[in-house]
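Letters A, B and C mark the chains as written, and numbering starts fresh at 1 in each.
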Amino acid sequence: MTAGGARRTAWQNCVFALFWLSGITAMAVMLAVVGYVMVKGIPEFSIDFFTTSPRGGLSGEGGIASTIVTTAYLVVMTMAIAAPLGTAAGIYLVEYAGNSRNRVATAFLKLSRFGIETLAGVPSIIFGLFGYALFVTAMHFGFSLLSAALAGACLVLPVVVRTAEEAFKSVPDAYREASLSLGATRWETIWKVVLPSATPGLTTGIILGVGRILSETAVFYVTLGGSCRTPTSIFSSGRTMALHVYYLAMETRAFDKAMATGAVLVILIIFVNLAINAVSKRLSAGGNRS
Amino acid sequence: MGTDAPEARLRTVDYSLFYGSFRALRDITIDIPENSITAIIGPSGCGKSTFLRSFNRMNELIPGVTVTGKVLLDGEDIFHQNVVALRRRVGMVFQRPNPFPKSIFDNVSYGPRIHGIRDRGTLAAIVERSLRDAAIWEEVKDDLQKSALALSGGQQQRLCIARALAVEPEVILMDEPASALDPVATMRIEELMQSLKQKYTIVIVTHNMQQAARVSDYTAFMMTDEERAGNLVEFGATKKIFTTPADRRTEDYISGRFG
Amino acid sequence: MTRKGIIDEAMRVVLLCAGLASLSIVVLIGLFILRESLPAFHEIGVWNLLSGKEWRPGQGQFGLLPMIAGSGLVTLGAICLGLPLALCCGIFLAEIAPTWIRVVVRPSIELLAGIPSVVYGLFGLVVLVPAVRQIDYPGNAGFGLLSASIVLAVMILPTIASVSEVAIRSVPDEYRQGALALGSTRWEMIRRVVLPAARSGILSAVVLGLGRALGETIAMIMVIGNSVMMPTTMGGPLPGIFLSRARTLTGNIAVEMSYATGLHSSALFATGVVLFVLIMIVNSAARALMSRNVRGGRP
């Protein structure tokens, strides 16, 4: 037994050494990518880089000012559509359809779950395809912020609905019972008790959606057009920072500018992640203190 | 039932409840007198909670529940009333303390607020009165903005009682309100019930025989029949149920022979 | 009805509408894409579409096989390169790494999973493509399946590692203690108890990674070369096929969408349908495989 034990322990040490190696390799590989972009990109930062707009054409000259504005517009517009819709749908699914004895409601719930699960696994270019054909062409919105925001909203809707559902489900039933037993209507219960308790979870979903829009390229590649000017209306074409990276890399070969823009994106994503961690820390710390 | 009993406040007539096809309560007929404490006792799973939750229609929240028979509050069928208005008249305290994740003040003022009271001064007065009635005022008066979740279990339960009192119900239902509490907190809640019964009609579910004997004026004993449906075996003045029960099963249960 | 009752009912209806709207968006996307792709399936024929080797929209030739092969091979390459590393990394983080490593590495991996794909594509374009170009092989330009597979492998690494790590970590400690109390080494415990218990979670991680690989668009356009051609070995040994240029299904849609009309446009929708079906097949295959492999564990 002890001999076998020693052999088995030796074997374990070999295997564990392999795991250490692969853990370190994986980290090294991933850090190499991000590190490279940061090291090449950050030295390009300058006041000019952030305050001037791309010159356009093949030069790759200019900064990223207009792309920052476009990204901000697009994030706000997309979330203005997706967040209320997704949250409301989440409420309906959990608070009404979820505990209904009505056959139709139950079928609706199942169908929605299935649809949202499916949609969550659909590659983003398919949303682009849909958005291009419906919003850009059929509805004549053209390559514009509006088309892009609508397509983007379809893209993040599953994320928002799912996290909203999770957030509402994690509110203890005891809160609802207590509220109802005091003579509150269902809506009062949702508005005054369930929603406040679900806020951290809902926030997480919205931040996730923002991150998704920041990093999405394919959908906007086929809906936003790619003009490097600052948009003046919702029917303006434009380019997000991620799209700008693509155009710089593929059309101008201004790799240094592309790296710098990529570095800005990475930094933004770091902030998004920090925000999510901060919110979920509040979530796990127990009830919110009002 | 003795004719000396005060007027019935709550009454059920041939009341049955089904979870889907499972019959949880069978043909229960009972008169619950006002300004008194009625205890419901019986073995686990006999339908006490289900029965209690019938009085404020909380069972409706569970999909698939159907009922037959009548439940009357002051002679009026509660199923024909507006459920929100009904629940305002019939308050409930749950087995586990369930304060909202809000401040103490917001917890107690929740009910009055949704019933349309906006004035800060009026709310403050209601909060103080309710907390005093629930015998927790002295412990929390210094910091009403503190989160209710920071209170001890016993304090939370009394806070929940205060929250129920704040909407000025006529009937208070309590489902094993002391089961999660230590003996001291339990005693405080029992004292509290004694003082509350001047103003309110109280129905309490308990597993604790001594508690039922100590605090209640009337006792209902429930048990399941062969089909696991809950039946009302015997109902009467607590003293009579605990000393000279009419039914053999009641006697067995109270003396601890089964259940 | 009271005022409250009216508000309550009104809100119910509003929320119901939101639910219906969300659902109808889902249905709308599905129906719309199907409808738009119908002419292609009808006029070109499903079989011709799937097995045709020529894609020349100008001449009315719409064969998707090169793109199917491209997507398939690049995903295969990414899985071969990335999956073992990713799973080992997940196991390492969940079971073996000391706490301080976990504390640092876990959030970084989550961060890496959120890095925009265009950044990975840029890295591939600037670093990998020139490096691959150094390989002396006929027709090798650096752009192609190998570069694309490496980029993709790096992209799916954090996704698979972090999701599988969470799955492994959520196995209850009692299982571990039970196994150790029976005299297992920690490795035996991991292999015989922890991994089987976490298998459905690990499977989801793999499925997620596969989906991400098949669905990736921008990074692929940037490094794969985008030529419509069946990947070939150029007469060399079989692995040489990875030095071939190719185009993915996703890339096909993105590159041609903005100028396609008529049947061409419909064929791009058909490309989307094929892509979607491919992802569904891969998902269910992965699920079937896993559930057959390990039976008798926790459901």
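Simple rule for what comes next: a residue touches a chain if its C-beta (ideal position, glycine included) is under 8 Å from a C-beta of that chain, and two chains touch if they have at least 3 such contacts.
Values in this document were obtained by computation on a predicted structure and should not be read as measured data.
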item: Most remote chain, CA-based centroid, reference being chain A; value: B
item: Chain occupying the middle, per Cα centroid; value: A
item: For chain A paired with chain C, centre-to-centre distance based on mean C-alpha positions, whole Å; value: 17
item: Centre distance in Å when chain A and chain B are each reduced to the mean of their C-alpha atoms; value: 47
item: Between chain C and chain B, distance of the C-alpha-averaged centres to the nearest whole Å; value: 56
item: Multi-chain contact sites of chain A, meaning residues that touch two or more partners; value: 185, 188
item: Touching two or more other chains - residue numbers and ranges from chain C; value: 4-5
item: Residues of chain B engaged with two or more neighbouring chains; value: 84
item: Chain A partner contacts - residues on chain C that touch it in the complex; value: 4-5, 7-8, 11-12, 14-16, 18-19, 21-23, 25-27, 29, 32-33, 36, 84-86, 88-89, 91-93, 96-97, 101, 105, 107-112, 114-123, 125-127, 154, 157-158, 161, 183, 185-188, 211, 214-218, 221-222, 250, 253-254, 257-258, 265, 268-269, 272, 275-276, 279, 283
item: Contact set on chain B toward chain C in their complex; value: 82, 84
item: Touch list for chain A against partner chain C, complex; value: 5, 8-9, 11-12, 15-16, 18-20, 22-23, 25-27, 29-31, 33-34, 36-37, 40, 84-86, 88-89, 91-93, 95-97, 108, 111-112, 115-116, 118-119, 121-130, 132-134, 154, 157, 161, 185-188, 190, 211, 214-218, 221-222, 242-243, 245-246, 249-250, 255, 258-259, 262, 265-266, 269-270, 272-273, 277
item: For the chain C and chain B complex, residues of the former touching the latter; value: 2, 4-5
item: Touch list for chain A against partner chain B, complex; value: 99-101, 172, 174-185, 188, 192-193, 196-197, 286-290
